[in-house]
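Just so it is clear, A, B, C, D, E and F label the chains in written order, and each chain counts residues from 1 on its own.
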Amino acid sequence: MQTSLKKRLEIIIEMPAVPRLEAVLEKAGVKGWTVLPAKSGRGANGSWSREGQITSAGRMVMVLVIIDPAVLDTVLERVYALLERQIGIVMVSDVQVVRADRF
Amino acid sequence: MDIFTLAEANLISPPILFFVLGLIAAFVRSDLSIPEAIAKALSLYLVMAIGFKGGVEMAAGDLNWSVGGAILAGIVLSALLPILGFGLLMLTTKVGRIDAAAIAAHYGSISIVTFIAASDAARFLDTPGEGFMVAVAAAMEAPAIVTALILAGSAARASNGAEGHGESRLSVFKEIAANGSIVLLIGAFFIGWITGPRGMEAVSPFFTDIFRGVLCLFLLDMGLVAGRGLLRNWRVLKPGVIGFGLYMPLIGALAGMGTGLLVGLEAGSLGLLMTLAASASYIAVPAALRLALPEARPAISLTLALGITFPFNLVAGIPLYFWLARLVTGTGG
Amino acid sequence: MDIFTLAEANLISPPILFFVLGLIAAFVRSDLSIPEAIAKALSLYLVMAIGFKGGVEMAAGDLNWSVGGAILAGIVLSALLPILGFGLLMLTTKVGRIDAAAIAAHYGSISIVTFIAASDAARFLDTPGEGFMVAVAAAMEAPAIVTALILAGSAARASNGAEGHGESRLSVFKEIAANGSIVLLIGAFFIGWITGPRGMEAVSPFFTDIFRGVLCLFLLDMGLVAGRGLLRNWRVLKPGVIGFGLYMPLIGALAGMGTGLLVGLEAGSLGLLMTLAASASYIAVPAALRLALPEARPAISLTLALGITFPFNLVAGIPLYFWLARLVTGTGG
Amino acid sequence: MDIFTLAEANLISPPILFFVLGLIAAFVRSDLSIPEAIAKALSLYLVMAIGFKGGVEMAAGDLNWSVGGAILAGIVLSALLPILGFGLLMLTTKVGRIDAAAIAAHYGSISIVTFIAASDAARFLDTPGEGFMVAVAAAMEAPAIVTALILAGSAARASNGAEGHGESRLSVFKEIAANGSIVLLIGAFFIGWITGPRGMEAVSPFFTDIFRGVLCLFLLDMGLVAGRGLLRNWRVLKPGVIGFGLYMPLIGALAGMGTGLLVGLEAGSLGLLMTLAASASYIAVPAALRLALPEARPAISLTLALGITFPFNLVAGIPLYFWLARLVTGTGG
Amino acid sequence: MQTSLKKRLEIIIEMPAVPRLEAVLEKAGVKGWTVLPAKSGRGANGSWSREGQITSAGRMVMVLVIIDPAVLDTVLERVYALLERQIGIVMVSDVQVVRADRF
Amino acid sequence: MQTSLKKRLEIIIEMPAVPRLEAVLEKAGVKGWTVLPAKSGRGANGSWSREGQITSAGRMVMVLVIIDPAVLDTVLERVYALLERQIGIVMVSDVQVVRADRF
């Protein structure tokens, strides 16, 4: 099947900052994304778990964004500007998709 | 009732004991845990019930000036207590300016769960507060944050950088005001007010009868979360900061007592205002500060508010505040 | 009781006000939200309780021909209303054939939540329906889908392509019938019927006493979801379609009234049948149509059913239908 | 009461019928399902309520030696029944040593849900057990695991390899003892004991009144999970193993009867001890064994305990055990 | 450690269609997969969130499938045939696994 | 933007074994990880679903670990030693991150 190369951006970010991240993505012209829940984790800022929590502070989710390699740098820079202040990490990898025009 | 009777009545009540059970379960590393969705639902239920009941009481009582006075008192307390807290932290601990402001915001604002537990204890201790105290609680959530942002001052402004300019204090204020638990508290309050005792009749098995039992389950969760938070993060809490988590509630309660007496509150409502002033937010403020003051380390303020001050207020503070409130208003035996 | 008294009694009841609170919270962009697991559990509880109660009433009353008549009336309404709806949509709006069929399926089928709210309101308005109406509600879920698939006709068949052939209408019918809420509704109905008043006694604190309170919490969620759905998708709704979402319930209610009178329903049951005919599905049908008619855009039908018709029925429709039902059956003052 | 009356009273009670509904819904491939968070919360609630009530009864009654005797009886049963079970499995089936030990651990330990259902049925059947039976249930959870690990013997030790050495039996024992449901059961028991009838008064609408209704919802879930487990994994269950799942409860119940008579239990408590001995764990033990005996295939033991033995006990076993318990203690008509 | 190359198929698909996707995978001889929940998202079909929802329509999950490169094309074609009618997207990327014979 | 190559380890593992996996990771010096929930799945050990479950046995989660390529082999070996006894699978892939020193 005919596939084309895209970039897969994964952003693990603290929950209160998700609306801001979405605003950043929207502003950068990103057409779609998916937010995946996370259960628990550990990092430089300590460990966390969502069990029993009633506040969104100190908890992470993972935002998955498939974008065109052409816009990767712009998007990455803006996302990174946000992540310099909020807790979170970014990863980038390669991915093949079928309907290239959709991303 | 002397203070020991009050303290004992509070201590051996099921809700407090379930909280202690939660703490113990966390400390013995049990895997007992309440799913997140349930914890959230329990807190929504409690907020809804307490708001609704407050509104129904408003409908039953008569609206007068003391309501306005109490709300004003609450706003003033919430706006000014952070200054005191911030000063004490800067003087007695080594936490930085930003962290001190963040912690001060938590202590100026209120913990709705502590308020709910205190309302329940008040009934238990035969000194129920008045319905309008729900409105006071709602009014006290946000002002502290604005003060704290001013206190954080230039440091925060610098780090916010170019984008930070868009982030006005007003927008933070709005964000807090649209916080789910506040909207629900105020909304349920008005619904109770509109439907009055007749509305209550229809829903009292759900909102009144099972209330204390649900509170038990919720406080079990709070004990688990507080205990695990302590286990995870006690290292970030220096003794000076822990001390602050223990004496700041007392200072807040005294400030609340003075202000409450000024506006002429009676024993039950005074005890609630003292509890509000003594309590530290761990739902709305932590989330809001992650956006308004992201440089502050959430582990410190959250662990302090939920791991130290909440248990202190729940177990020792609330009976103390109500005993004092009865004493200074000359209520009871 | 005149219509204004009915409307007011309905409007200032806690369940409706909590629904309105949910709408408002969504519109002011509050982050108030009910976790998905809780929303699902609340709906399961309500379905279980309403089914069980209906069954217990069946056990208490005596089984007669009117039950069969009412069920038949429901099936006919569900099977034929989509034809009317489809025709109106094709005539008055620009939505395509497939989308028109999908929307028509929603309106031919029923909203179990609207039915639950109406049952509660009926009690509130002192015109409770009969237990067998639960069976009528269950019977009305599926027929509309079959009609809609026939209406979608060749377009759908073509797009289904080779694989589509395997997808018979019967299999869609089966899928709907095995839908969780229908199985639970019917199952709980039979359990209530089998255990009767003695069974009810044992569980009535859970299934009856707290029912209306739980309904408040659930309608708060429905308000939030409906409000947010509107905010997200109002752009897909053209005025003609919105109009359909407002007048189709009235047409459905009138058709329900006619059919209900034919089979001799009394005021309470007639009001419920009218409500069923007026309501549009947003649990079972949307999910089933994603498989049976995937070319239809779910945003249109879901937003219309949940964002327009549900609030309309809840706030204005139900009191109107019950007022009419009392009027035409000559019930009450 | 003869056994048929008992069986019928049990069978047509709402909790059992909702369990059967869950089974049916699973078998007809309905998509009815209870969210995981809700299922967990329901089980926490039930454990909390049963523990608390047991404790309150302890406070009301007087503490005597029979309590110690009953607990000891429970521990002995839990420790020795796995030997019997293991032997039977090795003799009559082809499951390997490790799997046999794992299954035996499930049957030596207890199912807290079966205990809860039996406590409720006991009330229904007018033969309530005594409060201390909660402590007996808690004491019976862990011993079986230790026995099973010894039975698994060298095979397990070898496969644990180098790292396995660190994994002492004591640590497994500790892990089970810190299991959430056991900590909650014991904790709630002590809280009930401490607060006594006065504490119960405050929370009885939540912990007592709605209990049986919540049990209905929970057993619906258990029916769904048991039914789906069977559908998924019936292939792993050979006839000999299924047979074991049906006769082992009877053997356990008889052993429980003998031991219970020895320590002088009265009818209600004897029925509960028999049920405990007859029941097979499917919460705590399966999870613990994944660590202590990872080579055992969980599909076999879980499907057997939840899919065969639990329904058997719930529907047929419990009335039988209580009928026997009444018979041998000469209780009732 | 000895690892071997496999293909990682990720399918974000609307919930009501998951049983069909699973049937497609099973028919294609796929031995295993994992379904991950998603919280919210946005795409050409608008935005969605699972908060407070009681219907499965209009919500997504992510199905993760590790398969052998040799069968990728067959599986991809069948999955894509389904996704032409249902809402969803597919991504393919490379992944190394330890026990190659299991996939 | 300046990114550097890391390894992305994904471990789908049965829930009761998660604390052990975390202990293994910690011992191996891993600085951070994220646990993602899973809904249902199928594999050699049969199919599972988290719907309605009250035991953690027989259910999976996914642990995501970003690590330096230099330590991959050590970590992989230890993780694999655990997975030889517990139910689960491991995947490894390449990923680019921005702040390399954090992993």
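Annotations
The criterion applied here is as follows: a contact is a pair of C-beta atoms (placed from the backbone, for glycine too) under 8 Å apart; a residue touches a chain by one contact, two chains touch by 3 or more.
Since the model is a prediction, treat every value here as computed from it, not as a measurement.
Listed by label, the chains touching chain A and chain E alike are F.
Using CA-based centroids throughout, the chain positioned farthest away from chain F is C. The pairing of chain E with chain F is characterised as different-residue: of all residue numbers used at this interface, under half are used by both copies.
With respect to chain D, maximal separation of chain centres occurs for A (centres as means of Cα atoms). Measuring from the averaged C-alpha position of chain A to that of chain D gives a distance of 45 Å.
Centroid to centroid, with C-alpha atoms defining each point, chain C and chain D lie 41 Å apart. With touch defined as above, residues shared between interfaces to two or more other chains in chain C number as follows: 33-38, 40, 205, 209-210. Taken residue by residue, chain E touches two or more other chains at 36-37, 93-94, whereas all remaining positions touch fewer. Interface note: chains touch in the pairs A-B, A-E, A-F, B-C, B-D, C-D, C-E, D-F, E-F.
For chain A in complex with chain B, the touching residues are 14-17, 20, 45-47, 49-58, 81, 85-87. Within the complex formed with chain C, the chain D residues making contact are 12-14, 17-18, 21, 24-25, 28-38, 124, 205, 209-210, 212-214, 216-217, 220.
Contact residues of chain F toward chain A in the complex are 1, 3, 6, 8, 22, 31-37, 61, 64, 66, 93-99, 102.
Those residues of chain C lying in contact with chain E across their complex are 33-36, 39-40, 43, 159-160, 163, 221, 224-225, 228, 232-233, 236, 282-284, 286-291, 294-295, 297-299, 302. Those residues of chain C that touch chain D in the complex are listed here as 35-38, 40-41, 44-45, 48, 52, 178-181, 183-184, 187-188, 191, 194-195, 199, 202-207, 209-210.
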